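Look for chain A in each of the two complexes below; its partner is chain B in the first and chain C in the second.
Up next, the complex of A and B:
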């Protein structure tokens, strides 16, 4: 569905060099710190910027040459951009109906009502959470085959986040061939949603892993200095000092559990992945 | 294209109070001033409203989202030119109807009818206005476009003054004589052709600007 091969983009000192793939029917997460290059990847994928090098193809076409007919099949929710704040939701409904032949107005209106979005209010008077909900509903309203969501749950409280994630999950279940690329700062959102994850840091992909594998095989080892000195370093991805010992990140936690009985092993999550793989010390082991 | 037009008409309609105020001023002008003023005033306002929709699109990272909708860059430019031309024509028709209605009420309809070709020729400078404003708005955005337009119009005034001096000084007297020998109809035709050519050039330039733009 989406292939990015050696995408290069330079902004001053920042250099992006990324390759990734989103197969049909797959939900892919892109995680990384602020400024890691997530938004640049999304912009390149949507043909909003011109790459300095490499190739980005969507539906088998160069992203830069996507036409209106191709964009009908893409649903987008960007974290800091949407319909003009001077419009009301009622007007947005009319506009969407003109843009998308497959716009499901009844379902869209129902979803907006369920999420408590007022139709007669200008979007500039919406709360941050309401705007976030509308952006996601807009992306889901026309049967898109590719969903690109940049921080779709930003600004939402726990309950609203659950509603939005449920609507995304429901969409994925009803549209099995639909692919998604999602970025989020909230690890639990991605853990419960994505099939695989890419970790991006300073413009480079540091790691690509299936979410199941990440959650089952990756882990944190809390060891003192003496135990650390005895540890087999082959499967340690990173480490950082902690108290009198080290906190180590591994992709083979079972290996250490079997060979070093008694050491403290914790389940690894996306937050740990970001924290351990992108810290300066962590990267010295790679 | 239909979605973009729907969006722009709805954004323009947001300015209801301003539009009503403009309409009241236009009516007062129609009753008290020369015909040229109401036509020029109304059509200029329509063009400004149409060009101003680019600012709405640009505001608050709007372009970023807009370009993810089923719109390509060429369609965006097509729609802006179409909107300007539609509003330009609509403004002209409304202003002319108001002018003719008042002339009819004042019993000078024949005089008003004779003026129609002159009134139609007012579209020429306004077409040139669209040709200049749209690409500059697209290239420089709402913030810098005012400065760019001021520089451009200042340069245009200097060129006009320069050409006039050249003709008056006799250095280009043969050109001046040739131009002054043209009939008014020939002038209108020539200027119409030039303004259409400029409009087409402006359209191509706008397309190039949008193709080069990153969001």
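Up next, the complex of A and C:
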């Protein structure tokens, strides 16, 4: 559904060089710290910026040459909804209805009500959370085949995050062939949603892994200096000093569990992945 | 279908899911030809990735518990329940045998191993 091959974009000292692929029916997460290049990838994918090199194809066509009919099949939730702050939700509904031939007004109104979005209020008086919910609901309202969501849960409290994630999951269940690209720096949100994850750092993809494998095979080893010295370094991806020992990140936690009885092993989450793979001291092993 | 997954367990989610579906089949909660939820529906309900569910369904198919009909869904296969119970028993035996061999390598005596087993049995089954 989406192929990005050697996408290059230079902004001053920042150089993006990314390849990734999203097959049909796949929910892919793009994680990384602020400024890692997540939004640049999304802009290139939507044809909003001109790449310096490489190839971006969506629905088998070059991103820059997508026609209106193709774009109608893409649902987006970007950092700004694009609606004037003076509009009321009631007016947004009318715009969406004109804009998308497949706009599902009944479902959209119901979802807005469920999420507590007032129809008669101007968007400028919406809270940060309400605006975030509206951005996601807008992406989900017209039967898109590809959803591109940039930080859909930013600015939301725990409860609202759960609601938004559930609405995305429900959409996925009702549209089995639909693909998604979701970015986040609150990575734990993506653990229960994305099939696979790309970790981007300073414009490069550091790691691509199935979420499932990440959660079951990756882990954190907490070891003192003495244990560290006899630890087989083959499957350690990174380490950082901690107390009088080390915190090590591995993609083979079972190997260490079996060969070093009694060793302290914690499950590796996506947040650990980002922290351990992108911090300067964490990367000393690479 | 009542499925509870433990996110902080060291057992991979797909294995937990497989075990619970198998248990359901062995207990007779699902009958032959019953449809399992679609991959994405179950993934939404359990809040785990669809690929995790797919992995569990694929393995269950390899082991003969379910059949996936392309475009239709995943269904409970005609399983011989006794055979399934027997397979589980064999798997348990293999794991215990592995543990016993390790105990021997570690230099534990017969009685020490027995003692460990007794304590564990008591913990798990209770004192009767």
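Convention: the second predicted complex is superposed on the first by the 284 of 286 C-alpha atoms of A that agree within 3 Å, B and C clash if a C-alpha of one lies under 4 Å from a C-alpha of the other, contacts with A are read in each partner's own complex, and residues count from 1 in each chain.
Convention: contacts are C-beta pairs under 8 Å (C-beta built on N, C-alpha and C of every residue); 3 or more make two chains touch, one makes a residue touch a chain.
Note that the structure is predicted; figures quoted are calculated from it, not measured.
Undergrad: In the superposed model built on chain A, check whether chain B and chain C fit or clash.
TA: fit
Undergrad: Rounded to a multiple of 10, tell me what angle the C-alpha centres of chain B and chain C make at the one for chain A, in degrees.
TA: The angle comes out at 150 degrees.
Undergrad: Of the two partner chains, chain B (first) and chain C (second), which one does A:153 touch, if any: first, second, both, or neither?
TA: neither
Undergrad: A:267 contacts which: chain B (first), chain C (second), both, neither?
TA: Touch status of A:267: second partner only.
Undergrad: Between chain B (first) and chain C (second), which does A:184 come into contact with in this model arrangement: first, second, both, or neither?
TA: Neither partner.
Undergrad: On chain A, which partner touches more residues: chain B or chain C?
TA: Looking at chain B versus chain C, the one contacting more residues of chain A is B.
Undergrad: For A:99, using the defined touch cut-off, is the partner it touches chain B, chain C, both, or neither? Pick first, second, both or neither.
TA: first
Undergrad: Could you say whether A:46 touches chain B, chain C, both of them, or neither, answering first, second, both or neither?
TA: The answer is first: A:46 touches chain B but not chain C.
Undergrad: Go through the superposed model and pick first if A:28 touches only chain B, second if only chain C, both, or neither.
TA: Once the two structures are laid over each other on A, A:28 reaches no partner at all.
Undergrad: Give one of first, second, both or neither to describe whether A:71 is in contact with chain B, with chain C, with both, or with none.
TA: In the superposed model, A:71 contacts chain B only, not chain C.
Undergrad: Pick out the closest CA atoms of chain B and chain C after fitting on chain A and give their distance in Å.
TA: 26
Undergrad: Name, in rising order, each residue of chain C that touches chain A in their complex.
TA: 8, 10, 12-14, 38-41, 43-44, 47-52, 55
Undergrad: Using the touch definition up top, name the residues of chain A that touch chain B in the complex.
TA: 43, 46-50, 66-69, 71-72, 74, 76, 78, 80-87, 91, 94-96, 98-100, 148
Undergrad: If we count contacts the way the header does, which residues on chain A are in touch with chain C in the complex?
TA: 25, 27, 165-166, 169-170, 172-173, 176, 191-196, 210-212, 215-216, 257, 265, 267
Undergrad: Applying the document's contact rule, which stretches of chain B touch chain A when the two form their complex?
TA: These residues of chain B touch chain A: 2-3, 5-7, 10-11, 14, 56-57, 59-65, 67-72, 75, 214-215.
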